[in-house]
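All chains are identified by letter, namely A, B and C, in their written order; residue positions are counted from 1 within each chain.
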Amino acid sequence: MSAILELEGVSRNFGGLKAIDNLSFVVNEREILGLIGPNGAGKSTLFNLINGVFPPDRGRIRFRGVDITGEPPYRIAKHGLARAHQIVQPLEQMTVLENCTVGACFGRESLSRARASEVAREAAVFVGLEDRLEVAAAHLNIAGKKRLELARSLAAQASLLLLDEVLAGLNPTEVDYMIGVIRRIRERGIAILMIEHLMQAIMSLSDRVVVLNSGQKLAEGAPAEVANNPLVIEAYLGDPELAKEFRGEAR
Amino acid sequence: MSGIVASIIDGLLVGSVYGLAAMGLTLIWGVMDVVNLTHGSMIVAGMFGLFLLTAGLNLPPYAALPIVLAGGFLAGLALYWIAVHRMIGRPPLMSLLSTFSINFVLIGLGTAVWGTVLFNVPVSVPGFTFGRYTFPGTHIVAAVLTALLALLLYFFLYRTRLGKAIRAVAGNRGAAELVGIPTTRVLSFAFALGASLACVSGMLIATLFPFTLLSGDVYQLKSFIVIVLGGLGNPTGALVGGLALGLLEGLLTPFMPVSWTAVIEFALFVVVLIACPTGIFALRRS
Amino acid sequence: MTDLASTHVAQRRDSVLRRPFFWVIGVAVIVFALAPWIGNDVELRESFMLATIYVILASNLNVMIGYAGYINFGSIVFFGLGGYICVYLMAVPQWPLAAAAPAAGVIVSALALPFGLGILRLRGAYFALATIGVNEAVQAFVTNFKPWGGASGMYLSTALFKPLGGPMQALWTIYFLLVAIMGLSLYLSWGIKISKFGLGLLAIGQNEDAASVMGVPTPLYKAMAYCATAFLPAMAGGLYFFKGAFIQPSDAFDLTFSTEAIAIVMLGGQGTIAGPAIGAFFYEQLRGWLLTSETFSNFQLVAAGALLLVIVLFLPGGLMGWLYQRWPRLSRWIE
C-alpha cells in the first residue's frame, strides 16, 4: 500500500512545552488509522499541524508525495485533505445544504456553485441529513451538527479525512450509525485518520493504530498488538478504567 | 540641542495624560472585550465638565477633579446598562457598533445644544524654569496628578477585593462566575471606572489646551494608538504607550508642522496594528 | 460572525435573467432616473441624487459588512480619494470627465489592494480601527498635500461644465451617471452574492477559520472584496465633487458619511441587496426632514446614532430581516 500522508520528524513547541516531539508515521491509501492517547497527548495539535492551522517547528509533512509543510489551510484543502473538528464549526446561519456547498465549492475540485450544490446534496444524503437540507445549521442538535461536519468534509471530495472525535457526545444509537457511515466512507476509497476516545469504536474500525503520549509516538501497529503493549497500558494506567477496557478488547 | 530635550520632556508630561486616557480604554477592552467608542465623548464630557464647573460655579480648576471622577463614573454606569450590557458575550463588533452609535447620539446632542465653539479654561499655575526653558505649570501638575491616579488604580486593582475581582473576570469570566464573583456587577463597575478615567483625563487635557465638543475624536484616536502600542488590556502598557506617544510628539514638533505629526501618528497606528496587533510593549511580556 | 437578514442564500440554477429580482432592480433604477426628469423637478433630482450616493456607498459597504463580516468604518476614504483624483485630473492635466472618473475608480481600487492586504490580516475590532486609521492618515496627508490644495482644497472652474452642455445640462448628466453607478452597485453586490466568490465571503462572515479549513482562500477573497467595493464609490466621489466644483479634506473624508452608510446597511438589513437600497432611501428622507425641520436641524447625527443603536440592540436583521420573518415568500422577489 502506498502512503497518502507521511509525517517525518515533526515537532512543535509552545513556549517551553514540547507539544509534538519528533513524530513520524504514515497513513496509507484506503486505510483507517486510529490515533489514540491520553488527554493532552497532542492529538488535536497534530491535526492542526497537518491541516495547516499552524506550521511545525521541525519536520516535513507530505501528502501523496507533495510537501505540504506549513501551507495554509485553504491550500491544504485543495490537495484533498478535509477535517471534521472536535468542537463543531458549522456556518451557523447557513442551511445544511449551503454548508456542504461551501465544502464542495472550495474542496479538492474547484466546482461551480451549481455543480457544487449537487455534490453537496449527495454528501448530505450520505450521512443521513436528507430530511434536514434546508434547516439552518444553528438549529441542528449535536448529532446533526456532527453529521454536518462529516458531510462537509465529504462534499470537499477529499482523499484523506481527519476526523477529530466525531463520536464524542453521541448516544449509543448515534454512535452505531456514525460507525456505519465511516465504514461506508472507507468503502469509497477514502483514507481516514481518526482521533477517538471511544475504544470500542476505534479498535473495531481501525486497520492500524498509533498511540501518542506527551507528543511522542508511543506505539504503532494493529489494534490487538497495541492493546497488549505494556508501554501503552502504562500510559493509560493513570486511568485504570481505560486500561481495563484495553485489555478487555485485546482478548 | 537642549531645545529637543525640553521638547521631549514636555512631550512626556503631556504623554502621561494620554496614557491616563488610554488606561480607561484598555481596562474596558481587557476586562470585557468591548471596544468602547464612547471613549471620546467621555473625554469631552470631562473637558466640558471642567469648563462648566469653573465658569459656572467658579470652582478652582483642580478641585473639580473628584466631581469629574464621580460624574464620569455615574455616566459610565448609565452607558453600560444602555448600550453595553446586552452586547457582552456577543462578537466584539456588536459592542463596537452600539458604543459607536451612542457616541454619535451624545456628540450630536452636545453640539446641537452648545455648538462647536472653542472653549478655553484658563488655569494659572507657575511654571518651572530650567535654564532657558520654562515648562508650563499645568503640564507638570497634570503629569503629577496622572501619576497619582495611576498609583491609585494600581493599588485598587492589586490590593482591593473588587480590584482583584475585576482582574479575575478579565482573565476568565467563566471561571470567575464559578467562583461566585458577581460578574455583571463587576463588569458594570469596570466600565464605569474606565469611563471615569477617560473623563478625568479629559479634564486634565482641558487644563492644557483649548477644546471644542468635537475634540473627543482626536483624543480617542490617540488613545487607540496608545493601547495598540502598549498592548490591549494592559494598564501599565497604556501608561508606557502614552509616554511613548508623547515622546514621539516631542521629538517631531520641533522639526515639522503640527499637521504632519498627525499623518505620522496615524500611519504609525496602522503599521503597528498590522505588524504587532498585541502591542509593541506586550511582546516583552509573552 | 454576521447576522444574516435572510438565511436563504440564493441557490437556484435559473439564469440570472429569469430571476425576478434582476428586473426589480432594473425597474427601480429606471424609475429613479425618470421620475425627476419627466417633471423637470430639480428639487426631486437633488434629493434623489443624495439618495443614490447613499445607496452606492451602502451597497458596496454591504459586501464587506454583510457578507464578509468586516466592518469598514473608514469606507469614506474611497469616496474622498476618488473625488480628489477625479477633480485633480480634470483641473490640472485637463482630462474630460469620461476619462477622469473611471481613472479615479481604477486608481483607488489599485491603492486599496496593498492597504487591504495589510489591514485585512486583522480581525473584527482591530480591522475596524485600522480602517479609521487609514481614513485619518489619508485625510491628514491630503490636508498637507500642497498640489491638491492642502487644507483649503481645490476649486474647479465652471468652464469645465461646457463639454457637458453647460451647468444646467451637466447636472442632469451627472445625475443619470450617478443613477447608472447606483444600478451597477446593486447588480454588483447581487452578482457577488449569487456567485461562488460570494459564497466564500458569506462563509468567511459566518466563521472565518472554518471557511479557511474548508478551502476558501480567505486572504485573497477579502482583498478582492475590499478592492472591488472601492471602485464604484470612488467614481461616485469623482462625480459628486465635480458637480460641486469644490473639494476639501474635511468634506471628502468626513467619517460622518461612512457612519451613516453603516447605519443604512444595518437599518435596511445587512447581507441583503434591497436592504441597503431601501435603508438609504428612508434614511435620506429622514435626514432631509430633520435638516429642514426647525427643531431638529442639528439632530441628524443623533438620529443616525439612535437608529443604529436601536437596530444593533433589538433588530440586527434590519428592515429586510423583519420583513422576511413575516413574509418568507418575499425573498423570492426581493433579495
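Just so it is clear, a contact is a pair of C-beta atoms (placed from the backbone, for glycine too) under 8 Å apart; a residue touches a chain by one contact, two chains touch by 3 or more.
Source: prediction; values computed, not measured.
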Discussion item. Quick check on the contact graph: shortest path length from chain B to chain C, in steps?
Written reply: 1
Discussion item. Taking each chain's centre as the mean of its C-alpha atoms, which one ends up farthest from the centre of chain A?
Written reply: B
Worksheet item: How many angstrom lie between the CA centroids of chain B and chain C, rounded to a whole number?
Response: 33
Discussion item. Counting only Cα atoms for the centres, state how far chain A is from chain B in Å.
Written reply: 48
Worksheet item: What whole-Å value do you get for the distance between chain A and chain C if each is reduced to the mean of its CA atoms?
Response: 43
Worksheet item: Which chain C residues sit where two or more other chains touch them?
Response: 1
Fill in: Junction residues of chain B - those touching two or more other chains
none
Worksheet item: Quick one: in the complex, what on chain C touches chain B?
Response: 1, 69, 71, 73, 118-119, 121-122, 124-126, 128-130, 132-134, 136-137, 140-141, 143-144, 151, 255, 259, 262-263, 266, 298-309, 312-313, 316
Fill in: Residues of chain C that touch chain A when the two form their complex
1-4, 7, 9, 11, 13, 194-196, 199-200, 202-203, 206-207, 209-218
Response to the item:
Given the complex, residues on chain A that touch chain C span 51, 53, 72-75, 77-78, 82-83, 85, 89-95, 97-98, 101-103, 105-107, 112-114, 116-117, 136, 152, 156
Discussion item. For the complex, give me every residue of chain B touching chain C.
Written reply: 35, 83, 86-87, 91-94, 96-98, 100-109, 111-112, 217, 221, 224, 228, 257, 259-260, 262-263, 266-267, 269-270, 273-274, 277
